[in-house]
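Sharing a structure here in structure tokens format.
The chains carry the letters A, B and C, assigned in the order they are written, with residues numbered from 1 in each.
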Amino acid sequence: MSSILEVSQLKVAFGGVQALDLESFSIQKNELRVIIGPNGAGKSTFMDILCGKTQADSGEALFRGESILGLKEVDIAEMGIGRKFQKPSVFTSLTVYDNMLLACRMPKGIWHSLFFKINSEIEDKIHEVAKKVGLESEMTHLAGSLSHGQKQWLEIAIVVLQDAKLMLIDEPAAGMSDKETYRTGELILNLMQHHSIIVIEHDMHFVEQIAVDKVSVLVRGKLLTEGSFNDVRNDKGVIESYLGTGAALQLTE
Amino acid sequence: MQIKAVFKNYEYLLFLGVFLILLPIGYALDLVSVNTVSLWGRYFCFAIAAISVDILWGYTGVLCMCQAFFFCLGGYGIAMHMLLADKGTGVYGAVIPDFMVWNQVDTLPLFWEPFYSFPLALLTTLLVPLIFAMLFGYFIFRSRLKGVYFAIITQALALAMWLLFLRNETLLGGTNGLTDFKTLLGFDLTTSTTKLSLYLLSCMVLVLVYWGTKKLVNSKFGKVLVAIRDSESRVRYATYRVQNYKLAVFVLAAVIAAIGGMLYVPQTGIITPGRMEVKSSIEMIVWVALGGRGNLKGAVLGTLFVNFLYSIFTSLLPGSWLYVLGILFVVTVLYLDHGLIGLPAQIKSIISNKRTSKL
Amino acid sequence: MLAQPDEMTSQLISKDQALRTQALEKLVREKKIEHFPLISAINQKRLYLYDQQLVTIGEPIAADRSDEYQVLKVYPDTKILRNNQGGVMAKKRAELTEVRFSRPARLILLPVLPYVNLVSPKLETRKLAFVQFQQNGNPEDLKILSDARDLENDNYMSRLATETILSIQLKSSKITEKVHSLVDQLVSNQGDNTAYILEQYLEQIPKSHPSYSYILTQKEDLEDRASRIALIQNAFSGVSLGSILIMIALGLSIIYGLAGVINMAHGEFMMIGAYTTFCVQEIFNSISPNSSGNLSFFLSLPLAFVVAGAFGLLIERLVLRKLYNRPLESLLATWGISLILIQLARSIFGDLTSVSTPFVLSGGWEVIPQLVLPYNRLFIIVMTIVLVALVYFFLYKSNNGLRIRAVTQNRDMSACLGISTAKIDAMTFFIGSGIAGMAGCCITLIGNVVPDMGQTYVVDSFLVVVSGGVGNLFGSVIAGLGIGQLTKALEPIFHAVYGKVIILIVIMIFLQFKPKGLFPAKGRISED
């Protein structure tokens, strides 16, 4: 199977600090990749570059064979990369239903929006996704009145509805209860049947739940190692970077 | 739901009943002077401008501090037409407006030419703000200027345009502006009938603009606007080209404001650069803020309320108006998040909060 | 004890018309420069008798005592009369005996009238008189002109006098060598009008004249020099305008960075500073009317800081603290406050007041002839440099500055680390508004004090903040200087208004490439 995303020599610096220096990174179609790493490792920056929010200093990133560096957010989104932010970003003064409606894949020009009429196909799709993320009963509520976890799900729903081929999901379980976290994991595992997904996560229980494919570890902007969850968990370098050298020694003894 | 719908209709009926039936009847019975009628006619023009502010700021979150300038573009356009249509009736009996005679201009400047015929003048008056807003907006939104940056740039624009219109060389009457209109489409502007007709026209245009913008904000387009207000970047990631939407609503707002100006000038009989000062634009924003931003009813209500207050204070306590206006600004921003229109709900929630905290 | 009047005085004040005419004719005949003040006083009907001396009245003694004048003795010598305490004597017109002359009598003086202004106490009048002689002077005037030059101790004026004398000599001289040397002298004298004088002379002489090409090159050199000087002068005005913008932008920028509020009333803090200066001056004037204004102005600098700062603090406590990080709402609320403050100032002070420039700051620094940098503008520039330096050291080298920067970057985290954010906010508002107050104090040096003076500068200052990058000290300085320079550079070409429009367009184009200003805050946090 060909890879859907191919990244090489990707570099970006903020005020002299090398935030990201990624030699090579790629993921396959319908793969679920989890990226872990300590704070400031460049995980979110990596996603920012992939969705066009931040411009890279140099390097190459190919999405389905096409370069995405230098493109605007809209163009990248149109190509099929969807992003869920760390801090939930939904339209707080619109209803859940409207949030989803706006996200649905359809022509998004001004004229189309002006004369848009709802049809049953779109209606069905919205309800299907709403059911998936468990927001069916909240459709008429304002998105601003949702709980933190529900907002996260809504944002995932938005990304799903815009029919993203590659979903970039930044810390979906942050601020969630254990139960909610587990449900989110189920949701992501379910999504991977139709989408390629990159997830950034800190919560190791959650990572264990969703890490059915490879896990990548980013440290100080560089890719430290890649492998299955168990390989990574027992990797000395990974423990060192998380807990410091002494702790690593202690643990291995 | 049904009771709510009736209630909604009831509000509209109240508005139409008072302004389209009661006020004209009052005038016919000599209970209301023609000046009062004309005054409300002018307030309707302001309300049209306020709607334009509301779709920009209230719905899209774009705080534009030059709406008064677009309002004046409309006003100047119709004023130019009226001056040319009255040619030869000035003090000097010249073909060109009097102020040009004072400034030793003897031939009509080329850019005045389109304003001879009414249809052409109407078209030009709508096209000028449209094109201006399109050019200005294109560059501003392209560079993703927003929020405070956008407000400051438009404020600077308003200032620059004001200074420009103050000059005599721009051939738009300088500080004194354009005035001394006699007729519009052959109707004598001084007669009560014309005044009443202009009042009714303003009222109807207001209703029309309200209805049109209401349709607009309820469409998916309107939802995209609100989405832009809430989270511009999320809209972008949902593959909407935000700058096109912003540009469209900016241009539309400019044209709506210009329509307000066009109706305003025949009723006041004068348009000066003073109307396009930065503070006029900001006042429009306060009308909307006080009425309730993001709510078209609120924009209209706020405009009528503030201007009504203005007429009361200037006649009862001259000199106090700026204090009142200043305090209105502060109080609205600090305490009235949803404006007057949201006040009942706000009070209700305060009371219920108190109750729950007592329990 | 009455002094005995001298002969001339007694003739002039005698009742005998013939005697008086005779005296006037004598004055005209002698055409002595010492007599010019007397002749001028007679001609202007301002001759009085006081204590048996011929006197005239000078400037009003003080602005608020406009009916009392200085008394100047005009004959036989000129001096300002002093009272017993040694101060300047003040008299009302009614306390002096006017010495009247009929119109025919005054007409006798006609032939000498063109000369009398050469010794007028007013510099502007003397300047005009000399320039007139450059136009219509004859060789017979040279004696008086050179006498008049000897009386000048002002550098500029003696250059003008020399220029006048040389120009008359040049016009009447025919010998080539003489012409050469006169032209050289004129050029090295560095008077203001030399290029014009040479140009006129060139029109008189034929192109075949042996000195023609020499004079032409000299003239063109002078014109080049003049345009270079104009350029420098303009650049200087640009820097001084930029300085004012920087002073206002400093506070705006710090406050926006810290609290995320746009303070539209910031210009009004400047106005408050200006009115503070005005009040201090008024108080000083009422205590000692003859003070030169030095002390009052320099005292009002820190006072303006404190008063404007206090207002800023008050507004922060009452209104703005509820609007942190809501820039658009704060913009509207502060606009309302600015309306109130302007109206308040208008009802207290009326529409137009002005502060007189302190004595030490009047005049200018003559770098080279024709290039004069006014002290008041120099002072503003120096003041700005000092303020920027102080703010820089405060923000980047002091503990409180560190706290301010910490709160600017992350309010919640700073609060967690034990920084009292309320205190920091108060301090920042005080300082930011205080700087605007000082700017207001400085602006009184170059303009009137009016209630809406803040509005004139605040929009431009906002543009400075925007194009410099919000919250960036260095950016504000660069942008302030840039906008100031651009304004002044465009002024000679276009009218100021069109200059403003062009600047707006330039800034818009600039923001196409740098939407976050010159020095945007970098990194992940900066994006919202």
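We take it that contacts are C-beta pairs under 8 Å (C-beta built on N, C-alpha and C of every residue); 3 or more make two chains touch, one makes a residue touch a chain.
Because the structure is a prediction, the values reported are computed rather than measured.
Comparing chain C-alpha centroids with the centroid of the full set of protein C-alpha atoms picks out B as the closest. Highest inter-chain contact count (C-beta pairs) belongs to B-C.
Centroid to centroid, with C-alpha atoms defining each point, chain A and chain B lie 45 Å apart. Distance from the chain A centre to the chain C centre is 64 Å, each centre being the mean of its Cα atoms. Residues of chain A found to touch two or more other chains are 53.
Interface residues of chain C facing chain B in the complex, by the touch rule stated above, are 256, 262, 319, 322-323, 327-333, 335-340, 342-343, 347, 455, 459, 462-463, 465-466, 470, 495, 497-498, 500-501, 504, 507-509, 511-513, 515. Within the complex formed with chain C, the residues of chain B that make contact are 63, 139-140, 142-145, 147-149, 151-153, 155-157, 159-160, 163-164, 166-167, 169, 278-279, 282, 285-286, 289, 319, 322-323, 325-330, 332-334. Looking at the complex, you find that chain A touches chain B at residues 51, 53, 72-74, 77-78, 82-83, 85, 89-94, 98-99, 101-103, 108-110, 113-116, 158, 162.
On chain B, the positions that touch chain A within their shared complex are 216, 219-221, 223-224, 226-227, 229-231, 233-242, 244-245, 248, 294.
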